[in-house]
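Here the structure is laid out as structure tokens; the discussion comes afterwards.
Residue numbering begins at 1 within each chain, and the chains themselves are lettered A, B, C and D in the order written.
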């Protein structure tokens, strides 16, 4: 809906419009983050922003078309599933500016935003392995697709790195990059009950840290962790869980952030200022496009030593000393 | 054969009905008014739509924050509340009309002016196939709630042929379409066979088959055979350019050759039901299976054929989803069904399971869908309201006495949807 | 001219009662042989792998039962042979009645056990946790099926359980969040389901709308309405949609029993109400005046009318009562599971509840068993995911649906609904 | 207790089923309501019992007006009714059926022994069923009036005669002072009918009144104290039991009836080869019990075999087996030397069998389809109606116009749904369809059920015409009059067997005995009874003299 941005710095007649993916505007994941970024940009530039929801894939094309006819200056589509619809629209409307979250750019008038979250997930894996008391950590996905499994790959590699460094044998339940077919998947991004079932099962298998990569489905995992009464914790994904799902903050060890909001905000701001958007954006540990969130309630429980190790690993990844193998990483452009 | 022996006494038993009193015919208008007041089906349908839109308006009002604020001081300044309500509703429904039929603001170019109509027709296309499918099964006494599954299997088949077959359009397109029909028909036929043979109720079986198809689809789109290696998303390889349904009115309007297929399907279904021996058999099996059997028809065969054809028509929904302009990929995705298998049921109900009624119902629902998007984009009213309105229309149409009662029409208490789907034992 | 009790059902197509034993027995043998080859003699079990079944829930430190460790290969072979043997007996002896049901039950148990042994070979599987997942998944199905029992036993087909779940879940979450009281939420959830039940009752009994169709339309209506209100109310204000849940209550003594303790005696209050409702509906239906009348109205409403029973009133009452129960099933989905409301969150469970009702032949206890079976299949498919079985997740998730198809198509035999189910009652 | 109906009028749409009917039932009398099928008898009683609300009129009890809004009011006023179509729930036991609506409730036995638990509210709307007391009450009534039943039997398992007893017990247990029996004898053998009459007499002796509905004159004369005759919804006369059958019949049908059809003796040589042969035919029901049990008979071309018997003795199953609608468990069916056993209904019809099923609404017609379509229901895919998958609508309509004319079907249009036609005209549609193609055999079950006299004569004449053209005809009817009017030979069925095949001159009483399963000693079995029926069938050709 139309969001008037009364308190903008400069009343601008720039308008940015967003098309959500099927998760809807409050998926506590990339749709929500993108919208957050849109709103932030509205505040800072006075641009008008609004969004339309897609309730089925049939909505992608007409939603984009409708926004074009509404004369939006920038159309932001959220999610790689919309890549095709966006690039087709871009091709037939070469003067219209587009941006897309979670996809690289194909036509020149589309600005792609991608995130190498394997890097931050690697940190999360290392952290989880170090924090686990039972020697078992777990992860599951929403669907077996690269934007999801990239997190799981990074997480897995981080745990393996910890095992190598410390000569330990922490196990990862739910994901093995070598056997992607039998990874744990909820087959949904908004089925909390499924998330709870899967997490409950991991807990019963002995895992005490769970990393759900499944949008809203993950809330069920957080609920399961909360019910364990402090024995199990979770690592949230995409956003800082203590902000987007504050009711579960006490179980979030940290979050693997994918700074969609930031990227979208910058994109809209750049466009609103009339500057050229070209190529695409790749969020990394280096540029802050992805990273670990603060530990919040675990601040005191994470040993200082471990924090240092994490900082070191981060530098090593940035410098290329640690190579992440995941095949799902965006091909850097 | 034998001598004509009508007994003369029998003539006396024919009761003489008194001549109908002739009402003075004072103008067409009065006759029309009398006709409307009698509440024939079309009037009931129109009123049902009005009533559903009314309920929708109430929902828009009560859930609009500005309006509810204005109602907060209703007694101080009632005009505010009323104005706010009026604004909320008129903006929303105005946008609905603009999105579905014509937007005066966009009348500049022919393309822009035609866009709403093109959108409506594009949305209506799969609904026509689906409505025909469900309606045909209804006529044979079967409730095909398995459209979701059939259209998914149809879509899988059409996609597979679409990306494997490397041929010119004259071959590729028909082959892909036929594959979709065959996929849906087989899957529908499976439910029909389970009904005709072991006697498993089609409602339960088709619901279960929906889940199976959905899970199978999820498996396939991430399998080696289907998965598009160039796409990070769980999307199949796109079908070849040659196998896609061409646009009818230029590339910027979405209406495509699927509409022509839909018209062909309507003609075919009408012929099948009204002019073919198979259709006669299906209708008889649906209306009275005992009489059908006594007359030498095979009830099981009729049920299987009905589900095969119904499934084939549902397969065409999958075809139009993949080969048409609904999805930019022209490929399989997890949500390829877009809920059309269920919407089709409401279309068939509103269309009273007749081919022409189905077309009208599909156009109406297509318009609501297309307009609903505009309503969402321009007036910020959630598109979910369209589902509510669709459900209410069907509910009211199915209960003519309710509508007649509310509008004080005389009516004859005539049948609602008049559909033949039976209970569990039927 | 003549008065005869018309046979209540004349099957249109003859059912080959004789050949059925052959088909079923043959299918059982085939599946047994398959189990033997795939589970017993396959590569997963051949090198002396053992399957470990944990019987303690993590977190329940009080109870300790030793893990069950079985040699996977021999166990799977033995269990598969049991399956084959039962199949042979079924085809050869053509058992009927209790013996046939018993045979089928043992067969299923052995087959599933063989599968589990195979799947767990070289790994460990927490069996108690599978049972717990089964109970959690089965609870809403049981409530939905009990709703179905009430409606359909009195002659109104209820396909709208799915919609009742949605409305119940929505109302429960909304009212619990606003009032801060879970009990208010629970009551609201029930009332929400009851409201949809009332709509079903009015349109079915007063406007004589074909009931299967009506249910489908009501489901759409409920999905649209809750989706719309969710977007307009809850999305803009998360305070209307908080995570809240009834705490688990351990029944003293019983909850520390091994295996069944935590599963049956350590759940929250909605679960205990569900258990009570199973008993109440079963006893009510078969041992009380209300039950006798309910069944009469569903079997032969005219006969019930002639002895002074108010058929339509009875139907209204039972359909609304059923709605209240289904609404509670909806409440379970939010405030029973500690989950916030989400669009379409019932995710087809209402239809599964309907399947459980039919699978259970319209009897409350039968429906409970069927619901547990579905719950078990769901629990197992989740638990097997981390065991790295070669079966893709999608196919594991299909099992409950395929099982239902097999059940309605053959194993259970011809199931018959109450004779007047779905037939509106009108008098001259 | 005197019950009076004054000016009762009941309409169904435009049809006036009851037209200002007055009726008085005095205490302790058996009042007979006599009328043809469709005269409005059941409607009137349903009004009295509260199932229908009258459009006009009044019900008085002992002179005071009585409002009856539903059966519960009628029951409270002491009215009981045994419906024409039994109102029993097949899956309930006898005791459950009897107590339904008037349930016995109380604490269960285990609670009774627990002291304080026994005082809980065990009765009330959700009261605990006291099955023992229900059983005891049933046993008590059944022994008091000699109505033998087992309270624990499932109703579905009981023969109709016993079901009727359950219905009577249901009324008596509610202490009905006025008992309505709607055509109770239609399903009974002559012997069972006699037993029912003695029960009725003993009820009368206990001061109850009985309204007895029938259209069988002999029964009226046997039990009635007073008689009211209804025709076309109106009372056309009252009489005492002394009125002659002829007078009553005249009142009932409004003119002299002559239920004989003019027909010549069969024009077939008596030693002619049988055109249609049934040998040792056995048909099983759903539970595997034989319902047709080793039946054999022959029909020669140009001959009508009538099958008499009380409803439910396997006649339906016999005809359905001939048509291939039910599998035969044994035996053979041959038409003109060709085997029909094991053929599908379609093949049987194609072999030239015409079939008029007993329940036209259920088995023969599609109510919502047009008259024209119903007239081609079994020929729709044959030229000229159907060719290569498509139908010629013009041919279908032309056929309909021709048949409507030929068979005098009264319909507003050939496009009218057949369900809007009157019963008699619906039956004519079935007859027209089945006789419109060349036949080799005609099987007609209850060909004139629920049909008025004019249509009945017409249909009978058409059936005889088929015979006269040299076709074998099989008629099944539960109306002895119809059998006597049509049959050249009569086979009597009882419990799935053919008791005997007798000539049409056999007396009513003898056939009544056979229908009840006893062989009439006096008449001397012309062809033996059940044990020798195979021989009988084999040589019945010469038995006709």
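As a working rule, contacts are C-beta pairs under 8 Å (C-beta built on N, C-alpha and C of every residue); 3 or more make two chains touch, one makes a residue touch a chain.
Nothing here was measured: the structure is a model prediction, and the numbers come from that model.
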Task: Chain pair with more C-beta contacts, B-D versus B-C - done: B-C
Open item on the list: Rounded to a whole Å, what is the gap between the Cα centroids of chain A and chain D?
Closed with: 76
Task: Distance from the mean Cα position of chain C to that of chain B, given in whole angstrom - done: 31
TODO: Take the average of all CA coordinates in chain B, do the same for chain D, and state the distance between these two points in whole angstrom.
DONE: 45
Task: CA centroid of chain A to CA centroid of chain C, Å - done: 36
Task: Residues of chain C touching at least two other chains - done: 11, 231, 343, 392, 394, 397, 419
Task: chain B, residues touching no fewer than two other chains - done: 215, 218, 290, 293, 382, 384
- [ ] Using the contact rule from the top, write out all pairs of chains that touch.
- [x] A-B, A-C, B-C, B-D, C-D
TODO: Enumerate the contact residues on chain B facing chain D in the complex.
DONE: 1-2, 4-7, 9-10, 13-14, 271, 275-278, 280-281, 283-284, 287-288, 290-298
Task: Touching residues (chain side chain B, partner chain A) in the complex - done: 99, 106, 112, 115, 119, 123, 215, 218, 222, 231-235, 238, 251-252, 254, 321, 325-329, 331, 333-336, 338-339, 370, 373-374, 376-378, 380, 382-384
Open item on the list: Applying the document's contact rule, which stretches of chain D touch chain C when the two form their complex?
Closed with: 12, 37, 46, 49, 51-52, 70-72, 75, 81, 83-92, 96, 99-103, 105, 108, 125-129, 155-156, 160, 163-164, 170, 182-184, 186-187, 215, 286, 288, 311-312, 326-327, 449-450, 478-479
TODO: Would you mind writing out the residues of chain D in touch with chain B in their complex?
DONE: 255, 323, 325, 344-350, 355, 357, 362-369, 373, 377-378, 380-381, 386, 389-391, 393, 406, 408, 410, 435, 452-455, 457-458, 461-462, 465, 469
Task: For the chain A and chain B complex, residues of the former touching the latter - done: 1-2, 22, 50, 52-53, 55-63, 65-67, 69-70, 80-85, 88, 92, 103, 143-147, 187, 328
